[in-house]
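Supplied in structure tokens, the structure appears directly below.
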Amino acid sequence: MKEPRLQAIEGRSGGFYALAALLGALVAAGLWAAWQMEHHGHAITGMTNQIVWGLPHVFAVFLIVTASGALNVASVASVFGRKAYKPLAPLSAVLAIACLVGGLAVLVLDLGRPDRLVVAMTRYNFRSIFAWNIYLYTGFLAIAAVYLWLMLERRMNRYSRVAGTVAFLWRLILTTGTGSIFGFLVARQAYDAAIMAPLFIAMSLAFGTALFLLVLIGAFRATGRPLGDHLLHRLKNLLGVFVAVVLYFTAVQHLTNLYAAEHHGVERYILVEGGAVTALFWVGQVLVGGLVPLGLVYHPTLGRQRGAIALAGLAVLLGGLAQIYVIIIGGQSYPLILFPGMEVSSSFFDGVIHTYRPTGVELLLGLSGLGITGLITLLALRVLAILPAALGDEQAPAPAAGATEAVRA
Amino acid sequence: MAEQAATRRDFLRAGGALAAGVLLAPGVFLLGPAAARPAGEPASSRQRWGLLVDTRRCADGCDACVSACREENGWGGRGRPETDPQWIRKVRVRDPRSGRSFSLPVMCQHCAHPPCVDVCPTGASMRRADGIVLVDRHRCIGCRYCMMACPYKARSLEHEAVEDPRPWAPRGKGTVESCTLCVHRVDAGREPACVEACRRTGNAALVFGDLADPASEIARSVRELGGEALRADLGLDPGVRYLGLNV
Amino acid sequence: MADFETPALREYPDEIPPLRPGATAHVRPFPAAPAHQEPLGFPGELVEDWQARALEKMGDLLGKYRSLQVFLDACVRCGACTDKCHYFLGTQDPRNMPVARQDLMRSVYRRHFTLGGKIAPALVGARELDREMLDQWYTYFHQCSQCRRCSVFCPYGIDTAEISMAAREIMDHVGQGQKYCNEIIAKVHKIGNNLGLPGPALEDTLEGLEEEVKEDTGVDVRFPLDVEGAEVLLVTPSADFFAEPHVEGLIGYAKVFHQAGISWTLSTYASEAANFGMFIGSYENMRRIALRIRKAAQDLGVKRIVFGECGHAWRVAYSFLNTLAGPWDFLDKRYPVPQHMCEVTYDLIRRGALNLDPSANDHMTVTFHDSCNVARASRMGDMPGGQFHIPREVIKASVNKFVEMDPATTMERTFCCGGGGGLLTDDLMEIRVKGALPRMQALKEVVEREGVTHMAAICAICKSQFTKVLPYYDLPMDMIVSVHQLVSNAIQLGTKE
Amino acid sequence: ALAASTAARAVPLPEIVAPAVGPRCVLPAEQMRREHMELLRHQRARTVRQGIRGERFSLRLCIACHAGRDERGQPVSVAAPGQFCESCHRYAAVRIDCFQCHSGRPDPEAEAAARRIAGELAAGR
Amino acid sequence: MGAVDLLFVILSYAATLLFLGGLAWRIYRYARVPAPLKIPTMPAPTSRAGVVARMAREVVLFESLFKGQKWTWLFGWVFHAALALVLARHLRYFTEPVWGWVVLIQPFGKYAGLAMLAGLAGLWIRRLAVERVRYITGPSDHLILALLVAIGLTGAATRFAARTDIVAFKAFVLGLLRLDPQPIPHDPLVMAHLLLVLVLMAVFPFSKLLHAPGVFFSPTRNQVDDARERRHLAPWAAALEQSR
């Protein structure tokens, strides 16, 4: 099999500029929102002293989790030596970087004092998993960037496998770290569980693969480059497995919680009585994020159609957002228990379910994370040679890459 | 026992008045539960400051401690309860089985193993040598992870700009804050505002003192009456203890 | 064959090779004899006070060409161009790094025209223009094909070609000319084409072609010469009149005109598209040659001027002709002046005026070599990048199997064939072969990976150069084809009368 | 020292409000001009993190000495336009966020301490 | 105003004169020498607006260098971007009241200074480490880098090592601008910083730093690709025409 050539996209079409403008507008809107929050304080958001982390964190955690999974394709190629994935590895690394940067940007802009970012980068409390995460994230960025460079620079290729392995291990730790942000919150009924770490790893694989599939299909379609079905089908099967694993861990998470009496209240809240949270759990997370994509991916006829595969990817991402919403918001809505078994009330909302009504600025800020991710990916596709010029099925002689390229010139 | 406490209290009240008087003399900070540290000397682990809340004496309709704290430290009062900070709050507790109910003030518990400090990425949340847990607001980035971690919901984010902060209690938008155990008073050898206010109501449900000093009133009470921790199951060894939670 | 080693082909894209100082210090062209020099207005041999005269000429040029003035000042020695020149990649001689080549002139400029060089020459690398320096100039400014690849990557667009041209102009002015170029220019001035092919010989050749085409296709395709009142004056490189594969291109043009029903003619007076005046940086000579075309067009009363496949000729035509020999207000205003043959064919294809059957070329898998002067110094069509797009579209209309070479070696990043800039002479064979290395590597890659059998080009120099050089790299010499040769194969004559 | 020379010159300089308590600063003015930010930063870590109080580089003390008064004799924030901190910082384009949290007005307790320190300084201690 | 102050005042004026005069003389020459032929490097924009956009990309993003060499681009771009920021930040010494946007960018100063030094270090290391670049590097190339590094170091040191009296320093600068000389704060670091900057200003018009104005005059980048539509004729070439 001849190895496909990687080639930057032309990026002169109206569609390219329209997409870039759209993403740019998202980013600008997010910056505006962040400025508003900085200027007026968090009072203008829906976040309160009860719901401490809101929509920005949903998007940020979603992107960070996805980042780690987006690198999966590269890992499969270089760590597990699947040659078929190799031409896709650079795109996978770029996507991982883009997601992480997008997620971190949202996280930083949501800080109460974003102007003190430098403090966050220079002062560390090494007992804090959060501080470790700062290292994990910046380290991940650095490693993914080096890995990308090694892959793109021909004379460095021979080292890329080592870097790939480091990146692979690093991202396992990273997702564990992200999961542990919640796992370490002993005070909160919804989080205090070791299962958080493996659950987050499974989520990252599912979301990352889904996003990768979407970008892959989109990019090849938009540039008119040929894309064979073979690889696509392998990827979608992989997606199916990951989605199933997420469902499995979700089930285990809730079943073990149900086993422990002290968690009954919060489980009841999320699974039955939580209103929007419950709806998001069952419809968003389980149905859209789990069952629908499984059905699409493994359906004998639909599963072969590119549109259906893309739809499955989209469903996994939407379901993923819902899942993280349930974890973050749902977990906070349920009140802290100061006096087990007692009824409590106070001026500070003790003992009541907290409501969260996100405002526009939060949504804009969160969406701008997606915008940043998209913009970075788009720019990278344009200036770096990371997209295969053609990715036909091995046997079928792919039409010349440049041919289609030139038509577009 | 109760009697004994009362006399002691009277003594303290007198002491407080005296202290207030003395304070008018510039630079001379004297008396109180502990002597003011001399200039240049850091807080020391020989002390462990704490509070004892006697829920049996805490009156149901009273919130003098809360308003005293608000007055002293300048928080709250915008009429937006969801976002306004609350360093201390009155919590009403009712046992659905027995129907018994009581109320008590809850503020930062000044845990000996504070989760807020553990999780804080920048080290802004910190525990002083003498057990007072503070947010170094010069270093706080407003990430709110400590709020997620605190089991007592003791912390608030200042959601808006602060108009006219107290000179002794700086506070500002975008940082997280909580009860400082009135550190500026304690360092000057005085007792916290809430304690003072409670005594003024006559309920005297709050006692401030050095848990590490076996001779102090608070240490003795805890020893003898068994000052309980909220959520003792978490094992955080808070410096704020309660009496009469489970009677 | 000359006594040098053909460089080993390395995998493309390639690691940048280590330096080998002086690797091609011995390669230099034959100097021009007085007979070649004088018709161009240059002294016959190196003059007595050459140093003073050279500096005077340099000062003159600094006042005439902003490019030279700015380029000599602006270079920061960033090194972006160092690995961009095919001659450097092929020879590893550090003097062939564009900036080092420029520095030969820059050091003299510093010494004589800047304050720093006058005060502290050692500090700023200023040097005298002595005999040794002149020799280096002669050597290395004749190891530059003026392909402009370096200028694409230079942050200030410093174009070593401009400096080479200036250096050659200065050397010509002190009598140190290059034989190959100057001899040819003299021929054009005298006879009208590079080969010195007189009118009757030309007529003969064209008649032969008519017969050949008739034999092949059974159709009477004309090759008119000096026809007054024709619509189109075709100016094409003289190689097209007889050499393979060039002539196949000429046949292609004739078939296209024939099928489209456009009346056309060649001219004996301006029977050459090439303009070597550019290579020696001589505005005057370039202008003299260009004016022949003006005169021919006026004499024959044509409405349009079309250029055949030739790279630097198209540069002079597209970018300079209007300046040198314009204005062209006596021609048909509906057409740009001049037009490239590919533009003509492309327009006809788009209008459906040609009947092409690409399966006629099914025995070929074709790739396209962008000729440097077309790619980086001129345009076709009305959009930036038309010079890349249009020839490819013409090829794709004529051929089923088309493949691109590595994008780092095509379009504006294309590698020179190694024979441009007046170096297409046997005395420079070593540099020509070595300079072709990067293109050969990229070609070899698609030969092996995609099974490419032919490489099309639209430049007479490229075609001649590749015919010579391909065998050095174990590739067949007839791999190289004209673009209009592909059209010629595919066109269905007799179907659109 | 700078303020005095302002009037005669074409070169603008910040108008520095004369301190309410004198005669000297806690360190020579030359040095304060250069180093006050480091001193304050150092002091604040000592006070907040270690609980060291009553030292000379306390922000509350600076304010106690340096806060100006309005027409009615009321203290004005040192961060108000034209006041001590602000006048210099505007000139030097330095924006400080201290007064987002800190009150720029003196409180009696600190004023008392400042007077005590002024006494010490006058006595050369 | 002591002798040292006076010396600095005189040197400052002298260097400024040299800088402005030299630059004007060069720019005048670039503007006056004609470009007789159309030589834009293709593909080139076909309109004036396109040329402005191309030039903006070159000047702001170093587009061509990015195509050419990624590492050099990275270091070079970081250096120049940081330099631009540092210089913009320096405007606070020259304006009173300070312009709003200059106030806004002040907080980035420390990092800009460090980034500038990092970029310079990268460029310098490449000069020493990459064989090809070493070959084309002369003493003056090292000297310019050394000069800039020294400026950066002394500048950063006034912030990190020994603070200076910014207010007095600004008064000194304003004094120069308003022709009313003021004393300079007698801190060795600022005096060294200023002295080195004066050296830089003095050599600017006579060194490769001319690339800064030069890039705007580069015909391969600033010409419109319209040779067939518009006749382009230099005055001296037009003179040849007379003898046609």
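In order of appearance the chains are A, B, C, D and E, and numbering begins at 1 in each one.
One rule holds in what follows: a contact is a pair of C-beta atoms (placed from the backbone, for glycine too) under 8 Å apart; a residue touches a chain by one contact, two chains touch by 3 or more.
The shown structure was predicted, so the numbers you read here are calculated from the model rather than taken from an experiment.
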{"item": "Label of the chain whose CA centroid is most distant from the centroid of chain D", "value": "C"}
{"item": "Top chain pair, ranked by number of contacting C-beta pairs", "value": "C-E"}
{"item": "Euclidean distance of C-alpha centroids - chain C vs chain E, Å", "value": "37"}
{"item": "Centre distance in Å when chain B and chain C are each reduced to the mean of their C-alpha atoms", "value": "87"}
{"item": "Distance between the centres, which are taken as Cα means, of chain E and chain D, whole angstrom", "value": "40"}
{"item": "Geometric centre distance via CA averages, chain D-chain C, whole Å", "value": "75"}
{"item": "Touching two or more other chains - residue numbers and ranges from chain E", "value": "107"}
{"item": "Junction residues of chain D, two or more chains touched", "value": "97"}
{"item": "Residues of chain B touching at least two other chains", "value": "161, 173, 175"}
{"item": "Contact footprint of chain D on chain E as seen in their complex", "value": "92, 96-98, 102-103, 106-107, 163-168, 170-171, 174-175, 178-180, 182"}
{"item": "Chain B-facing residues of chain A, complex", "value": "38, 40-43, 48-50, 52-53, 111-114, 116-117, 119-120, 123-125, 127-131, 133-134, 181, 184-188, 332, 336-339, 341-350"}
{"item": "Chain D residues touching chain E - in the complex, by the definition given at the top", "value": "2, 9-14, 30, 33-35, 37-38, 88, 90-95"}
{"item": "Complex contact set, residues of chain B against chain D", "value": "23, 26-27, 37-43, 126, 128-130, 132, 134, 136-138, 161-162, 164-168, 170-173, 175, 183, 187-188"}
{"item": "Complex interface listing, chain D residues touching chain B", "value": "44-46, 48-55, 60, 63, 97, 100-103, 105-107, 109-110, 112-113, 115-116"}
